[in-house]
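Per-chain numbering from 1; labels A, B and C assigned in written order.
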Amino acid sequence: MDNIQRIVQGVLRFIRQLFGDPQTAVGTTIVLLFLFLAFFGNALAPYGANETGDIPVSAAPSTQHPFGTDTLGRDVFSRVMIGTSSIFQKAGLGTLLAVLIGTVIGLYIGYQGGWIDEATSRVIDALLAMPALLLALVILGVIRNLSLEQGSLQFLLARNSVLLVIAVVYVPIVARVVRSSTLEIKTREFVQAARIRGESLGYILFREIFPSVVPTLVVEASLRFSYAIFLVAALGFLGIGANPPTPDWGLMVEEARGGNYNIAPWALNFPAAAIALLVVGVNLMSDGIKNIVQKSE
Amino acid sequence: MSVLKAENVGISYKVNKQWIGAVREFGITVEPGEIYGIVGESGSGKSTIARGLIRYLPSNGRTEPGSRIEFLGEDISAAPPAQMRNIWGARMNLVPQNPMAALNPSIRIGKQIAELIGAHTDLSREAIMDRVIDGLERVNLADPEKLVERFPHEISGGQQQRVMIAMALSTSPKLLVLDEPTTALDVTTEAVILELVRDLIKEDETAAVYVTHNLGVVAQICDRVIVMYAGEIMADAPVYDLFYKPLHPYTIGLLNAIPQPGQTKRDRPLQTIPGRPPSLADLPQGCVYAPRCPLAIEICQTKPPLEAPEAGRLVRCHRWKELADGSINPRTVYATDEDAIITDTLDEEREPLLELDSLYKYFPTRRTVQDIIKGEKPSPVRAVDGVNMTVNRGRTYGLVGESGSGKTTLSKVVIGLFEKTGGEMILMGVELPAALRGRDRETLADLQMIFQNPQNSLNPYLTVGQSIRRPLMKLGGLSRTEAETEVRRLLKAVNLREEYATRYPNELSGGEKQRVAIARAFASNPMLILADEPVSALDVSVQSAVLNLLARLQKDRDAAYIFISHDLSVVSYLADYIAVMYLGHLVEVGEAQELHQPPLHPYTEALVSAIPIPDPARREDPVLLNENIPSARDIPSGCRFHTRCPRKIGAICETDAPPWRADGEGHYIRCHIPIDELIEAQRKTLPEVEHS
Amino acid sequence: MIRFLLRRLAFFVLTLFLTSLLIFALTRVLPGDVAQVILGREATDAALEATREELGLNEPLLVQYVDWAASFFTGDLGQTFSSPRRDINELLGARVLNSGRLAALTLLLAVPLAVTLGVVAGLSEGKFADGLISILSLSVVSLPEFVTGLFLINVVALGMRQLPIIQSLDWWFPASSSINPNATFSEALPFLWLPAITATLVLLAYVIRLVRAGVIEELKKDYVNTATLKGIPRRRVVFNHVLRNALIPTVTVIATSTGWLLSGLVVIEFVFNYPGLGRLLIFAINNRDLPLVQAIVMVTVVIILIANFTADILYAVLNPRIKLA
């Protein structure tokens, strides 16, 4: 019981600290705002993502269309709002998945050491030798050309391929960070005391070591999240992470560039600004988290 | 003229936007050739004032207005760094605690010293290098021409500290500040460095401020001493007076808390100072020591002034007069811990608990290129190399030796954190499995460990109650409610209040954490507890309470201890038997009280004589050993100690492994010199011990 | 030292081997039927069979891998699958050169700037300069490379052309790149500026952050106190002591940023339509040209591994503590 209470208290104190420093507070507010849009953007958007009808084409921003309309006559404001959910799904859930898997791997190999650690670390190195974007491009490039049966498991996975790819490219990074933190913590004497008591592997990993990894993990996760947003946006922009007419921010930028830019620059500027704003928010927040964690140590 | 004269110095730190006074009303006058000790526990402000006196504070620190620091007659209390740069290095130098960190890792040693000399002289490059080499020779470093080309990590800690001393003296400064310069070193190396520092300072007529927590070191090296507590001077006196006529209750407490050479737990328990030092942010109203002082009375709620009982002495206590005229007996100021009095003797033979039979632990090393070329297997690190030892029920075995002797490895093999390479371990007549996995619940419960660093021995994310409860349930098989009750009982047994059960380790002081760790170790009702330096991270005033606690718990619970420590006076106080370890095996085994009289193994003799005795009247020259401890990968032939042995008798020591020699009373020594001859030779050199 | 080199070399080979396995798995095993992927869903059976034959897809996987890996060692990478079919070796050669020029110019711009700014920020931790630099790098790092790139095209290259004075600068900032494959570096330079600036911005924040952290960490070390207490000027403490140790890890930072840079280039080349390796990769993926994808990725990985390897060795040479290891 006292544990749950302590965790709740810890989280509350953490949130209070997030709003304690102006920069971090701004960052957190931005992120929360977008998170809100991710959940309710669809319902709140004045128009549908691909609604055209009697909407004027390439209209400049106005009260009716705050962000203007694109060359096909779609409301940019609505598309940006609706697109929020997709970026949070892909980048956010992808990061979360990577953190979960990477933590388990990192804890295990860091604590066990020996050849398991040696072998896994080499594989991690090999994976990290390939830049995340490249790895993601290759995997997505292959997956989208597969002909899969509708409703099959593979089909389901392929539909969420960007999310999964984010997870895949970040698992090794998270695992490595958790591993090095585990290596340090496992030499602490309370871990030895647990071993002397004959505690099981699971108990030692998750009850004794894991809590001390959490601060590092939170910092790493927030950093990963901001890179994941980048990656998702870049994949969309390159036309590989999303297919038209999805209201994906990166894809919207790509569709509005070139000749279209001269006609409807707002169709490019607003989604680009949305990406930048979200990343600024995440970065401010992650800097703040890092400071809080460092201070508490 | 005095070299350094400080009056009314205050130093504050800004912590969380608040200024906290770390040192208040400090004053000192240091004459040429004088070594002035500043002694105190952690948090006493001793290091802060050391840095404050040389005007080198961290960026969040400041010297309070009104402070006066005069160096060679010049007021430097408000000197800006630009002005200090002419003084630093040229006339004022610092020897820090950790030489490895204090030397730049990527610059050759010679260049680092040359840089200092070059900054304050107009000498040519060659002349500077000559001075560097002279300086290194003065601190007895062999082969200085080669040494200047080395990088800091290539030499030992003792050598690094000599380099720092050579550097500090290279510009013949007027003032030398030494901040715990031997704390990170082995006792044998400490002895060498202390002697060196003392000689050089006297020779150069340098004024020195020597900061330490160790009263033994103070007694051995200082001329005058300031005792600090919670940022204030408690007492200031010539070293002899401080030890023989202490006028402050705190000084008395410190002196009574450390074991005298030869004192054992059977003689009398150590006296302890109750409570813990106050937080600087929340100081007591009157006397800062009042919450812990057994002599505190009404008037102590007002701040005592710093008074001079006689010329050259200062004391800050309302009741110093009673101590001075003898109406208060210093011996009875602090209560004796009646529970810790031990009445049994060693005469009673106890049954064996743990037997180690030629125990080995080798660590493989990586193959080097040479190994591959020569086609040889890499030689392993022979950390434990054939140890035979019997541990009887309810007794304490002190295991001593320099760092690298293998004592910690031995304890980890027994407890199961390392798996043995060979040999046998028998626990109560049954083979003890090497791996923790192979041990059943009873065996796990029987063996427990207390660790050195209280900071890390408790999981910061578990409450004290949770930490102690776990072994009770896991190993003791208690139910949750039974365990809760037992937790309260155990907390009481280690003198902690029940409400500590809900606290987290970061709310506890170091001594309190160690008590919790002890409670946790006793939770499973073990037969044998391995304690690896359990008090070495604690302050003196806390240390004695923990030692008494260990003695009392042993009496109550009849557990045996293997007590590992580098501090021989602590070991010989607590232990019944002593085993001395050198390079992986034992060289001497015997009763603890015999540790201070001949015969002793030449290695033990050196260890014993290196202990800085907390008595300024006894400044015997220690047996000095060279610091080149052979590597455990490459153990010398014959007697392992022959490369350093001051009593080496000839070639036989290099070729033949020495035999165990017995004195017929359970005392064994592994040496070629016969027992009688050892007694004869050592009678002349070993310090006498008075038994009280 | 020899041992260190051997270890690093072994490590290099091992990583290369594992990475090649990974690429092989992704491009040969994951797709199931590679021929189908390459030719698309409507391909005839005969065409599929021919492709399988050409790529040796009917062989056991192990044989396929060995053949494939061998093609890298012999330097014969075969032909592209997308029409017009071309020799991969030749195609890659020109593209690697172009990307290499871009990367070189970027490093030339970014490294000195980033190191200087990082050192300045680190030395003035918590002060104004530090705050300014961190705000700048934060805003730069928050802009995806395609946004900065598009901004530069639209504002600098196209927008500023509206101003009469700038028109004369047309040589410096052409908006898109159509480089003659045989162009010399100086001929290519005008096309390089904008992409290189974009890439610099991407790299800048990353390197600044690490250099700053390195300097701050070193400043806390005890030897800085020793040096200061020698009474030598602050400037000498910083240059002779702090930077000496703080900048050694920077070598590694620059090497690891190679990977970062190369992936940034994929996007940047796409934005600027610059004929480098990155744009070729997008092209290959869009045209389902798996052999070309494999070749590009392998080449990229080899470049990154060589950069890391060189950095390790440089680090060891610069750092006396490693020599005896």
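The rule we apply is simple: a residue touches a chain if its C-beta (ideal position, glycine included) is under 8 Å from a C-beta of that chain, and two chains touch if they have at least 3 such contacts.
Note that this is a predicted model, so its numbers are computed, not measured.
Asker: Linking chains that touch, what shape results: line, ring, star, complete or other?
Answerer: Its topology is that of a complete graph.
Asker: Could you let me know which interface, A-C or A-B, is made of more C-beta pairs in contact?
Answerer: A-C
Asker: Chain with the smallest distance from its CA centroid to the overall CA centroid?
Answerer: Taking the mean of all protein C-alpha atoms as reference, the closest chain is B.
Asker: If you average the CA atoms of chain A and of chain B, how many Å lie between those two points?
Answerer: 50
Asker: Roughly how far is chain A from chain C, centre to centre by C-alpha average, rounded to an integer in Å?
Answerer: About 23 Å, centre to centre.
Asker: Okay, in this complex, where on chain A does chain B touch?
Answerer: Within the complex, chain A touches chain B at residues 2, 188-190, 192-193, 195-199, 208, 211-212.
Asker: Which bits of chain A are touching chain C when the two form their complex?
Answerer: Counting only chain A, the residues touching chain C are 122-123, 125-127, 129-134, 137-139, 141-143, 145-147, 230, 233-234, 237-240, 250, 253-254, 257, 261, 265, 268, 272, 275-276, 279-280, 283-284, 287.
Asker: What does chain C use to touch chain A in their complex?
Answerer: Counting only chain C, the residues touching chain A are 11, 14-15, 18-19, 21-23, 26-27, 30-32, 36-37, 40-41, 138-139, 141-147, 150, 154, 259-260, 262-264, 266-267, 270-271, 281-282, 285-286, 288, 290, 293, 297, 300-301, 304-305, 308.
Asker: Within the complex, which stretch of chain C touches chain B?
Answerer: Checking each residue of chain C against chain B gives 2-3, 6, 221-223, 225-234, 240-241, 244-245, 248, 319-321, 324.
Asker: What part of chain B is in contact with chain C in the complex they form?
Answerer: 54, 56, 81, 84-90, 93-94, 96, 98, 101-107, 115-116, 119-120, 151, 153-154, 164, 368-369
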